[in-house]
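Each in structure tokens, the structures are laid out below.
In the two complexes below, chain A is the common chain; its partner is chain B in one and chain C in the other.
Up next, the complex of A and B:
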């Protein structure tokens, strides 16, 4: 996090040292965890040593079970995120560009936005059961709000001065949209997409924990029910790594999208 | 000989045949907090083709509003604004403007920013790059075509904005305190550039500034405005050929005159009356 906050200040030497340094904390944690298990302070069923978790992960991967769960979760994420983000973009743009749409939908939107997405789970389960639609629906919801808000803020944030420039040069509407409006709002929208993606992932795992028949979350829930803490922890590691990679990937795209902002 | 002359498009060096601005009985008012407020009253001004006219005045005398009306960003006015006889009602590529902030788009290179002005023209695509390059050269920015605005200094960005405004070859160029945000040294340099550009282009230019010296150095005439409501107090002829010498005694005499006029406004005594009251609080 800290290294991402000051890319401009980071000297080349710091950059080279950074990957090593960032492995320090996780490795220390692993060592501490392993030592704690070896000390025998906790029964091995409760606190499984990291070596055991690694072995379980390997077994899960060998049988293909892990890949199946990850694949299921990722498919839901991709589908739900695509629908939610597109709907969010359209909705955010609509309430930003149309006074009427803002008056009609704005207050409701900003009120619902305050509700934690997880709070919709009971309702969604009643509507959709615990099948595929439910998980996709919750991802759609989780992605929709951040993207809609980012699109709204992004478009509203376009300075009036830039529209005046377009008027002075009599820029045609397609050019105004593609050359001015889209690039001007892109950084805000991409940030919204990144936030939405990581939120959607977290919400999906939570939803799978609560009600599902497959997916990373369900794998963890099954592990808990069968007292396989090693499987639960394997799920924690996998969902954490995937979440981290999603965020990193999105950040890289975000940086590219707002390159020109670097002042 | 004749072919050469005929082959050339619009002669850039010769005085432009068009670009005459006529303003008649111009009134403009805004509604502020439900009450109408007159910002411009009874403005009458004629600008000859190819002339450089400066407008100076205290802040709040409506000089920027006047430019917005002339460029067509605001069409809610009474009276007449005509360019070559045609009434101004909206923006047109015949009228260019340079704002105080350069207003270049940060995600476009210098080249792309200038080319944007040509998007809605009938200039063939093949010619555009050449015209853009010519105008970048005109403002002495050759070599910075691929630079983004944040990589340019304030003076360079403002010169780029001037190039963008000129690339459509407007009959009239409006300059709204274009050098107001620059430091003193850069400002002098860009003033010299502006004078050179005007002398090569010879399009009509109308510049608003709060710098009397700048107004006199560049302007064939200087319009002195008074505030509340904005009106023309006086028009000063600056009878000196271009390029000018900043040290010319005439410029200094006129500067003292105009400054005296601007500072000895009736607002000064009223200020003095109010001051003790403010101090008590």
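Up next, the complex of A and C:
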């Protein structure tokens, strides 16, 4: 699969595209959407034009409502992700480095890992109610598993010989961690962090739809209940943009992390 | 110590310690009484709930319902994903036109579509099926695209030498060469569809299924039923993933075991 794409076939533009084209395409999409609405093909209860969505977004921003929802969602995401990722890192490193820890906790971990995180929602609601704790807890869970797995795989992927060299040189544990383990496992761990961030965001939106008094998910759910299609579409746009930015930011960090290793 | 750990049955036994301790802790919490004892159902009631659901209750219909929702979603989303992915890889203008729209749709968290679909088609089983199909659509689309777009040039050159028609080229070269990635896409799509089924069932609570049972049990504060549903979800999800991987291996048995 290493050779270049065929002349008769498309180059995989899904991954690479010119900056101009990637700017033009969304604009064309918006224009099409607007024209579709102006043509009267859809009643305004079904689809409102992007100009209407933009006006709703502007109004929500003027009243400060949008900032409040985005802020609440981001706070939950940041708090839950930080806790979940740190715990995942520590746990993954522990079961990768100690055979005893792996034997004791590994099977339990891999068994719980079979459960989709979203399936824990009803249980967490009973435990924590539908308040803030529940939403942070579900984000912690969503972030924990990918990071733990990435840390485990990353450390297990370090060649045995490196540890042997460290032993020959009588490297102390802090040096072993900072000068061998961290650089060697960084790319895998950063990839795990990116996956965890994306999953945490998806799960948080689902949790906010179910039970919240604020946040992007709740804004959309309220919009649905009040038949405000403009608010729902504004929420779809905002959650999409946030998801896009989170993914792009994490990918940029990921590239830097692997480049450092290659250097 | 290490000699001890190298015996597989001892390892298995030690592996039971952590879950065992967890269950004992759980049981103690349940029997401690007080306000949060409600959240910890004693283990015997979880067992009783399992028997109740399996014998008299909705366990098997729920499993069938969630399973058929996942597989229908995979069939719809996967067929569209493969057809569109292959078409976009072969005919580039289609890719140019559809790519921005698809990329934009992909950025929105899957469950974020529920409120919009709720307004468009109502909060019923139709919305659940659309979300599940959407979840299976993207992995199959992306993998089919990559599979066809990444077919090695020399394979197609051989086809040119033999004077293949476009249809022959597609059927005899592109499709077999792309098959591993297409099947990878379907495997991922199945996993996504399974999770999306559970999620949409929990969020919408209609049409029956393991997620619907969880949601109802949550409203009735029946943690024992929730735990049974979670355990069954995990076991069933694990099993269908395994079966699908087997199927994939079987279908690709003509291939060198390289990837």
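Please note the rule applied: the second predicted complex is superposed on the first by the 242 of 263 C-alpha atoms of A that agree within 3 Å, B and C clash if a C-alpha of one lies under 4 Å from a C-alpha of the other, contacts with A are read in each partner's own complex, and residues count from 1 in each chain.
Everything that follows uses one rule, which is that contacts are C-beta pairs under 8 Å (C-beta built on N, C-alpha and C of every residue); 3 or more make two chains touch, one makes a residue touch a chain.
All values reported here derive from a predicted model rather than from experimental measurement.
**Student:** Of chain B and chain C, which one contacts the greater number of residues in chain A?
**Tutor:** Partner with more touched residues of chain A: C.
**Student:** Which holds for A:167: it touches chain B only (first), chain C only (second), both, or neither?
**Tutor:** After superposing on A, A:167 lies in contact with chain B but is clear of chain C.
**Student:** So, does A:118 touch the first partner chain B, the second partner chain C, both, or neither?
**Tutor:** Only chain C is touched by A:118; chain B is not.
**Student:** Based on the superposed arrangement, let me know which partner A:224 touches: chain B (first), chain C (second), both, or neither?
**Tutor:** A:224 contacts chain C only, not chain B.
**Student:** Return first, second, both or neither, reflecting whether A:175 touches chain B, chain C, both chains, or no partner chain.
**Tutor:** In the superposition, A:175 contacts chain B only.
**Student:** Considering only touches as defined above, state whether A:183 meets chain B (first), chain C (second), both or neither.
**Tutor:** Only chain B; A:183 stays clear of chain C.
**Student:** Residue overlap on chain A between the chain B contact set and the chain C contact set?
**Tutor:** Touching chain B and chain C on chain A: no residues.
**Student:** In their complex, what parts of chain B are in touch with chain A?
**Tutor:** The touching residues are 71-73, 91-93, 96-97, 99, 101, 103, 105-108, 116-117, 119-120, 148, 150, 168.
**Student:** Where on chain A is chain B touching in the complex?
**Tutor:** Chain A reaches chain B through residues 161-162, 164-165, 167-172, 175, 179-180, 183-184, 260-263.
**Student:** What does chain C use to touch chain A in their complex?
**Tutor:** 1-2, 5, 11-12, 14-19, 22, 36, 38-39, 88-92, 95-96, 99-101, 104, 107-116, 118-120, 142, 145-146, 148-154, 156, 194-195, 198-199, 202-203, 210-211, 214-215, 217-218, 221, 223, 226-227, 229-230, 233-235, 237-238
**Student:** For chain A, which residues count as touching chain C in their complex?
**Tutor:** The touching residues are 1, 3-6, 8-14, 17, 25-26, 28-29, 46, 99-100, 103-108, 111-112, 114-116, 118-123, 125-127, 201-202, 205-206, 209-210, 216-217, 220-221, 223-224, 227, 229, 232-233, 235-236, 239-241, 243-244, 247.
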